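Here the structure comes first, spelled out in structure tokens, and everything after it is commentary.
As written, the chain order gives the labels A, B and C, with residue 1 at the start of each chain.
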Amino acid sequence: MRLNPAVARGAFRNVWVVAEVLSGHIQPVTHELVGAARALADVRGSEVWAIVLGSGVAGQTGGLIACGCDAVIVVDDPAFAAFNDEAAARTLVQLIDKYRPESVLCGATTCGRALIPRVAVLADCGLTADCTGLAIDPDNGDLLQTRPAFGGNIMATIRCSNHRPQLATVRPRVMKALDADPRRTGRVIREPLTPDPSDALKRVIEVFHSTETAVNLGDASFIISGGRGLKGPEGFNLLRQLASRVGGAVGASRAAVDAGWIPYAHQVGQTGQTVQSKVYMACAISGQIQHLVGMQSCDLIIALDKNPDTPMMQIADIAIVGDLFEILPELIRQIPAT
Amino acid sequence: MRIVVCIKQVPATNDASIDPETKRIVREGVKAILNPFDTYAVEEGVLLRERFGGEVVVLSMGPPKAEAVLREAVSQGADRAILLSHRAFGGSDTWATSYALACAIRKLGGADLVICGKQAVDGDTAQVGPGIAAHLGWPQATHVMQVRSATPETLVAVRMHEDGYDVCELTLPAVITVVKDINSPRVPTLRGRLASQKMEIPVWTPEMIGADTAKIGLDGSPTRVVKTEPPPPRNKASRRITGSPDVCAAELLHELRTRSLV
Amino acid sequence: MKKHIANHIYHVEILPPKQDSEKLDADLQAFAEKYQRVLDSGYCICLTDNAMGHLSFQGTEMIQELGLSVKPDQVMIHLNTFHTKANLDDILQACIGQGIRDLLVVTGDGSDRLPKLEPADIGASGVESVTSVELLRYIGQTYPGAFNLGVAFNPYEPEDHEFAKLDRKIAAGAMFVITQPVIARNAVVDKLLATCPLPVALEAWMSKKLHLLSQAVGYEIPESTVFDPIETLRLLHRTYPQCGMYLSLLGFKTQYHLITDTWVS
């Protein structure tokens, strides 16, 4: 809400993390955000709270406390068995109204990006999407939210000085979770879901989660990615062969996806997935910023390109100058099939 | 069925840099285009109108030149277009933008369905669609990859998630945002393009849509950009491998084995 | 194509205006003038299909909406795999209606705005995506005898790969070949001419923009290179007298009058 003489800045306290719950399980991004929230709360001498909206989730609060939460609010209700934007947003707004957090963090997942903008409007507060950096002004608690803009060509820092709470979404695998400490203690607060007539306006009638359909770039430790230089969909067959030899996954640049050579699910970059694999091998990807922001925190970056001067070849740990159509078959030949 | 499709004009490329003197963002001479995701929103609106009759109204907020993307949407099959344009709208963040668009939809007399693209490629926030739904108090479905079925009163949408999908039934009116998988937008014909150039596009001001001026523009926006800077460089001493394909492959494998990565 | 080569009929590429043109009326007029000039010269007009993935108007609708005439053997349409099935058939039907027989069938360049034919759309099986091979087969089977089907050949791609692809294209119904830009004698082109049973036209690069040519041929041509397109065209005629010539990026103001006597036997 907008701050005014009746609604004082000081009335808002603590950093909240809205848990990402999928099929009844709290997702790793939640722990990453708790890690980020812990650092912010420590600057302010305040607490980290996690908000868990789910069905059958009451038993999972311990892990959150061990990872750095001081308190966990649980709304355990069958209405949250599937992702229900409207009821979740309404409930969050009620909780915000009641407990008045200073900042609220949420994963920039498909659910988070649907839910939090709704909360921002209903609670009349500012929201910054896809933050890659979070800091806090120790004096007034303003969140300094850094996010890539213009396809990552510019980093913008955003403040919401006149509204509380301050909302931010953060991509999975951008922040680091703290090591779990089972000795940590914290409070668990149970809150009910308040039914509303508008609940009848939307029903989730089917849910399909699968590890099969997902191109699990997020969990892959070795990613081989291709760009425009693959020249066509056939080029990706080479990448698939290599991936199967090293137990890796296949990624792609936006150019290759836009060209229709490989489905969107493989796209790495600002408008695709953010990855953090042990090895990222970019084959004929020039390395536009929009791509780099999605993979630059990988441990070892290998670039393969005919052109030695592309941005990707500059940032790579290992840069191979040559024709991928000659080198990849050779590489596949030299790695024994398992 | 009245379908309102909200669209945005965006720069064709994201090439931008910061002037070291003025610290302002430089983006000279960059061509403006219809936000790519919005093309799919327009197509979905046109497909639904072809099934149920009614009209597709395209709505955009922006400077006067943004009418170009409205004309493009008309050449793609929309029936009419409205531009929200006034100095007072300038500097709006996603909160204020979704408020203004919601006001315009009310002024239109409401809608059965509002369709937005998943996100605009310049801001990449994906916040305006859900924001409009919240301002109107309507249900929403984001990242919609398929409209599985629809009637004049309901719509069954398949939402894309990271590891699968879910299906939800919405009672209209509602807001959906769409991803590229949802359809293959038709390419405008020359005939449609020529016709769209002649269309009158009304320009609406804050007053005309009954917007509270405290909730639009910079003043109505909770967020403020306080600093812009180039992304941190990632310059490292890198190892270069050149030579014949078999040598390159062998050296790379050696590097990977040394690190126990294969 | 054989008739074109025998009668010294150049293929002159013209790009239809882009969809996002900010001066469409002027572009339409310029297009109509170029089209008419090539037609009047007796050459063959070659109309691209969303060249380089840039969303552009289709050749067939340009002819239709601008009321341009079509003479047999004087209009060739490029057709790539970035269409919806309905749109593809519309274009093919329009060609038949307008009397256009020559098609250059290519995989083409996509963009995020262009739909891509799916194998199931055109009854292709056992492939992950549609290439010119599947498209050729579809056109041949659906419109038997209606078209002369041409295909592209890139002498700068790995050779074995490219010849194998050409064999697949020929098996799928290709009847003539047009190469990527050739600027001098080229060993791969020599091999093509020695082995390929189909008539071949070489693309002659008529622009002085070397960086674009570098992109087209896939290797870096130093900017300092002295490149005279008209002289190069003469050289190609001398070197490859058995080939047709496909002129890309021809300057209508500066070059057109110079090509009238370049093709002498």
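In the analysis below, a residue touches a chain if its C-beta (ideal position, glycine included) is under 8 Å from a C-beta of that chain, and two chains touch if they have at least 3 such contacts.
Only a predicted model underlies this, so the values are computations on that prediction, with no experimental measurement involved.
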| item | value |
| --- | --- |
| Chain of greatest Cα-centre distance to chain B | C |
| Closest chain to global C-alpha mean, per-chain Cα centroids | B |
| Averaged-CA centre spacing for the pair chain C and chain A, given as whole angstrom | 45 |
| Approximate Å spacing (C-alpha centroids) for the pair chain A, chain B | 20 |
| Cα-centroid distance, chain B relative to chain C, in whole angstrom | 35 |
| Multi-partner residues of chain C (each touching 2 or more other chains) | 112, 114 |
| Touching two or more other chains - residue numbers and ranges from chain B | 180 |
| Sequence positions of chain A contacting 2 or more other chains | 323, 326 |
| In the complex with chain B, residue positions of chain A that touch it | 2, 22, 82-83, 85-86, 89, 109-111, 113-118, 120-122, 124-130, 144, 148-163, 198, 200-211, 213-214, 216, 218, 222, 246, 264, 270-271, 278-279, 289-290, 292-293, 296, 300, 302, 308, 314-323, 326-327, 329-331, 333-335 |
| List of chain A residues in touch with chain C within their complex | 231-234, 258-261, 323, 325-326 |
| Residue numbers on chain C that touch chain A, as the complex places them | 53, 82, 107, 109-112, 114, 116, 128-129, 131, 157-158, 161 |
| Chain C residues within the chain B interface of the complex | 19-20, 22, 24, 55, 57-58, 61-62, 65, 84, 87, 112-115 |
| Sites on chain B touched by chain C in the complex | 31, 33, 36, 39, 68, 72, 180, 184-191, 193-194, 197 |
